[in-house]
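So the structure is just underneath, and the comments pick up after that.
We just call them A, B, C and D in the order they show up, numbering each chain from 1.
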Amino acid sequence: MNGSVLSARTLRNLLPALSLLVLLAAIFYLQPRAISYVGFNLMLNLAIPIAFATIAQMCVITVNDLDLSIGTYVGFVACIGATLLSGGIGALPFIKDLQASGALPATLPWIMNTPLAGVLVLLMGIGVYALLGALIHLRNLPSIVVTLGMSFVWLGLSVLVLPVPGGQAPGWIKSLMTLKTPFIPFPIIAAVVIAVAAHILIMKTSYGAVLRGAGGNPKAIERAGWSLLKVKMAMFALAGFFGMLAGLSLVGLTTSGDANIALRYTLLSIAGVILGGGEFVGGRISPIGAVIGAATLTLAGSFLSFMRIPPDWQIGAQGAILIIVLALRTLIDRAEKRR
Amino acid sequence: DTADKKIALSNNYAGNSWRQAMLRSWDKVTKPAVTAGIVAAADPFTTAENQVTEQAAQIQNLVLQGYNAIVLNAASPDALNGAVKEACDAGVIVVSFDGIVTEPCAWRIAVDFKQMGKDEVLYLKDKLPKGGNILEIRGLAGVFVDDAISKGIHEAVAENPQFKIVGSVHGDWDQAKAQAAVAGILPSLPNDIVGVVTQGGDGYGAAQAFKAAGRTTPIIIMGNRQDELAWWKEQKDANGYETMSASIAPGVSTLAFWVAQQILDGKDVPKDLTVPFLRVDQATLDKSLETTEKGGVANVEYSAEDAQKVVDAAKK
Amino acid sequence: MNAEPGFIRRLVAKPWLWAYVAAAAVWLVTILFTGGRGGGEVLTAAFTFATFSVIVGIGQLYVVTLGPGNVDLSIPATITLAGAVATKVMDTQDGLILVGLIVALACGVAVGCFNYALIIILRIPPIIATLSSSFLIQSTAIAYGRGIRIKPPAALADFTTAQVLGMPVLALCVIALAAVMEIVLRRTVYGRWVTAIGQNMRAARLAGVNVGRTRFTAYVMSAVFAGLCGYLLSGFSGGSSLSMGEEYLLTSIALVVIGGSSVAGGYSNVPGLWGAALFLFLVVTMLNTYGFGAGLRYLSTGLIIIAVIVAASARKATR
Amino acid sequence: MASAATPIISLNGVEKSFGAVRALRGVDLACHAGECIGLVGHNGAGKSTLMNLLAGVFPAEGRIEVDGKDIASRYSVATAQAHGIRCVFQELSLCPNLTVAENARIMHASLRGFGWRKRAGKLILDKLDEVFPGHGISASDIVGDLPIARRQMVEIARAFSVTTAPARLVILDEPTSSLDAHLASQLLAYVRSFVAKGGCVVLISHLLGEILAAGDRVVVMKDGKVVVERPAADFNRTSLVAAMGSVAHDEGANAATADTKRSETEPRVRVAADRQAGGPELIAHQGEIVGLAGLGGQGQSEMLIRIFDAAGKNARNVTVVGGVALVAGDRQTDGVFPLWSIAENITISSLRRMRRGPLIDGAATEAMAEDWKQRIGIRTPDMNNPILSLSGGNQQKALFARALGSDAQTVLMDDPMRGVDIGTKQEVYGMIRAEAEAGRTFLWYTTEMDELKHCDHVYVFRDHHIVAELSRSELTEEKVLHASFAEVA
């Protein structure tokens, strides 16, 4: 009996990977040249920021909360990345306008051109996330409302920083994101590194067990003498950290910022966590699954594009593919149960 | 000869009448071109959600599928540069229009949105030399079209101080949204609003909001949508209402198609082309309304010859 | 606190109170700008537009009450589809108003059944099931109408824009609807079942609650209300458009939570929807009135929402 | 270290109120090394509250001395743990999403660094081997996958395991409520050996036999106060029950006596025999009390759920005539609606017949709640209080009221007496008997031999199959145990 429970669980854990493989097979069937070094580079490089965002969302879901602001936060980071982080305060459009109008001198003192300003703001972003965790815990607030509010805050800040899309990503991020690694395409290496790092951090470390436990039974964690406040703050700070990586890697790929760049990441990241086998409550999550989920979502887009759907139905087809991928999982799950 | 070349349309949004008209124009012009063997394929692709990241992925997929040229209505002028650069590096021609991109390797078919904003104010100046209070309805915040039109409006108002912008709301180019925003701000505005400057897709909503508030309808600049034109005509017939209407013609997508075809054909085409926006005036209203289908947008489509003329004009 | 008369104590204990307090505060700040001029008109406009969000908010509320993970993301697409189909069927003829209504509601029923089938047969988590189906519905709307704007029948347009003494007739109807739905939630077996499922689905099943039918009904109801909203909205704003539902995604969820219902399910109230809807409209109006640019407007909207929720929680803590 | 005479912890006049409810009204208690204190009292007497205080979960008024020093003001979970005070709470305190080893780590902050998982696994397994030999639990099992009895075993083992801080005082709040007799005796034996080695245990149980067998000293609580405190040797069952304020019932006075012949009529519940295992079919007639026996977690609950799900449907192999109601034993996951009042929790299954027009009749539901408050003795000032304000046993009573108050003809009971005090149990037994005589059918899963004696007919389960069928006259403890352990024996 014990053995069968175990194997059913392992199989369920394997499901995300299985759906990914099926999708890859379908892509190969439709477009054999997609399955190549160049093909993977093109199809998967945008999966990197999604994977980071999904991990960020997963951190929040672990403690039974939901982050509806991750998309706008990623956009905010991208805007900062394309301005403050590359050229300091001097890179902000309104400073440039002031320079153009002659209100400010053409050459600015170094302090206004140092990327340190960007680093500082990004660190503050993580700090804000930690504070949100604290606020949500101390006041026992529904995270959905707080992060819904925050989604407006981040969007507003982005629009203030970059009223019109633009800016320039720092060169080092651009070159990192377009790295041509030998043999194995960079996005695949990056995905594996992200998955393994997040897995070790959350699933393998001893404090990781406490963090996840706080999702499973917060009362038990408190009764064992841990501070739930610290746990919440840690998880939200982690979300802020991974969200920051998402924004930076995204701006490295797009090379410039845009306030509306990642609105979709909110839903995508939630879908990624669920596709990866995570659950909304109870601290049941899987970092590896989440990264696979992100890759699946990205590849689903490629698959559809290869299918050449009539224009009217292109949007619908994306819905259909989500349904099919998840239905596949249910079918395997059912078959396993029947056995 | 481009008979074996494949062209794709990458589109980031299909959820309004302008975009639907754009897609229809594309079909109308490219289908015969494919049948005639001018190009091998001209497939349109639309992303599910209006998102830069999704469109970037779409462009990359189109490259993988071996399209020789991508005609692009971009979700962002800068944020797609990474994907566009990759496409160029892979030898794919990228021609952007309406939502143009700044990446130097791509071609741009631009409409001078700023001028469009200016013209709206200049029209008001013509009609109302004494000036007065005006209300501005903007588009989607953070998108460059919104910024450009608004800049033009504000510049022209600065040059004509008899006008004063007493309120500014975002209607997101959506008439229901515009209606709600205008209805909300109207009560706080002075009674003597003489004009409403808009960006397209929001004029009808504004008219409804003025009507609901029981205020006299000022001169509302329209945005070429059929419902806007129809409302205008109704008013005109009833009480001689006068205004103007302007927007980019959705058929620019077909110009972009021909430009891409010519580049593939080895023709020398300048990177930056400008087309005038399409303007409807009191005199042309009836005719424009007649040729605009229900639910559509006043439109012009381009033939290969039209495109050639635009290119030649730019070379001079 | 003990000295307070019972009525006030009970009122203060209501979770929806804060939405109204916030709405009133924002309204006052707005008319402060004009020195009190136009206060009534602002309210009229607020009621007019809040009406549509409340209609979909009610459906969303029932779904959210079903417990963690339950949410209907297909509301915007359903609004669009129902609006498009209804206007096309009515084809501007007053005689077909009822037919149009039935068709719009039928669209809702179809969408609701489809959503629930995804959730129950394919076991797809509701958030993803309804998101996926919303893409399919949106495509259907595009393929069906291609964004064609047909004018609504005049009688429908008149009804949706009618006012008595500055109060929109439609708003009065929806206030009545909200009252009925509040009674359904509190005082009927169905309402209790919804709330029970939201707290503990397994326990509900073992207590004899017909879990399947109850959830099914909630999802269908949500879609039907979205259909109704699409129908009325196309009447109100002079026809349907492909983007007419877009803003109701976040709004419908925001109404539920700002209105004082629990996002974790099992604990909800309908009156809060109206407070929250008025509040959200008035916030935008206030910021527009004060001439805030888009950036500051977003920023302030966010901070105000957080402030309201923190204030509401302070009340809970002192209770 | 303080001298042996100084208590590990002593409480002086501690008080605790939850709003209007005064849960503790001045309690004195001292726990010394080398003794097992048996703590008894009616449901809601304040036992769990007192233990939460000892474990530092919430603050209280009064004097708390640990090792002779007054630390009431800064007493917390962390201080308690540092002084070797551990608690197995009445409502399980494991994280269901974590493995057994990870749950051990939650308790032991020192399990960290490289290889912590292995060490945690060994720690917990060694202790499980020691307390519950043959437990069948593996360190990598996800706790949520384990049946409730095994979860309880893990939690107990975790409380006794030692890393940096010693285990000097272990509080067990109804540890045996989910354990069968066999596991319970293993635990009690371990408690004795722990005490013999100088540890201290506070044992709370409603099974007085356990208290008398394992306790050195018995403390009786009533209405938030300690009313009696004497050596266990001074008590027998009857005197202990008397001390608690209930009248001891003659063993089996209410139990069915005559061995009624099974009816020939069509049964209310029939579950076809398992073809592979070849056991008997399960049958329950109108007015019968049918017991499902065996060790804990042998498929009895699953059988009840199967029958529950089959009601009103055309299920394969299971026929059920008429409506069914279920009394959950695992009240946290199967029974309680945590956001609701006691009244709402009780009436949920009966709403359909308490309608006036389309609306629920408020007066009728209120009357039903009040009626059951009286009939089953729920201790609360107001039935509109939240259900979670009730003590564990009283929550269980509310679940009973829900099922008995419904119009179901068959009541399924999933080890329903967990945490119910002895006085109430006797009353409920009586109620069940009376309801059965009035025609109701009961299917009763229980791990307590005493309760089987109330049944007309008993099916013994082992490894998800029915392995024996005993009529009232055939029922003996030996036969049940024999069937339960057939393979071992």
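Observations, loosely collected:
FYI, a contact is a pair of C-beta atoms (placed from the backbone, for glycine too) under 8 Å apart; a residue touches a chain by one contact, two chains touch by 3 or more.
Here the structure is a predicted model, which is why all the values come from computation and not from measurement.
Note: the chain lying farthest from subunit A is D, by mean C-alpha position. Centroid to centroid, with C-alpha atoms defining each point, subunit C and subunit D lie 44 Å apart. Centres computed as Cα averages put subunit A at a distance of 33 Å from subunit B.
Per-chain CA centroids place subunit B at a distance of 71 Å from subunit D. In subunit D, there is no position where the chain touches two or more neighbouring chains simultaneously. The set of subunit C residues that touch two or more partner chains comprises 135, 138, 142, 146, 262, 294-295, 297-298.
Multi-chain contact residues, meaning those touching two or more other chains, occur in subunit A at positions 158-159, 163, 314-315, 318-319. Applying the touch definition to every pair of chains gives A-B, A-C, A-D, B-C, C-D.
Partner subunit A is touched in their complex by these residues of subunit C: 68-69, 73, 118, 122-125, 127-129, 131-140, 142-143, 146, 250, 253-254, 257-258, 262-264, 293-306, 309-310, 313-314, 316-317.
For subunit A in complex with subunit C, the residues that touch the partner chain are 64, 66, 135, 139-146, 148-160, 163, 267, 270-271, 274-275, 280-281, 312-320, 322-323, 326-327, 330, 333. Looking at the complex, you find that subunit A touches subunit B at residues 31, 33-34, 38-39, 42-43, 45-46, 49-50, 78, 158-159, 162-167, 174, 178, 250, 252-265, 298, 301-302, 305-306, 308, 311, 314-315, 318-319.
Subunit C makes touch with subunit D in their complex at residues 183, 187-189, 192, 195-196, 199-200, 202-204, 206-209, 262, 266-267. Of all residues in subunit A, those touching subunit D in their complex are 2, 5, 9, 204-207, 209-210, 212-213, 215-217, 219-226, 282-284.
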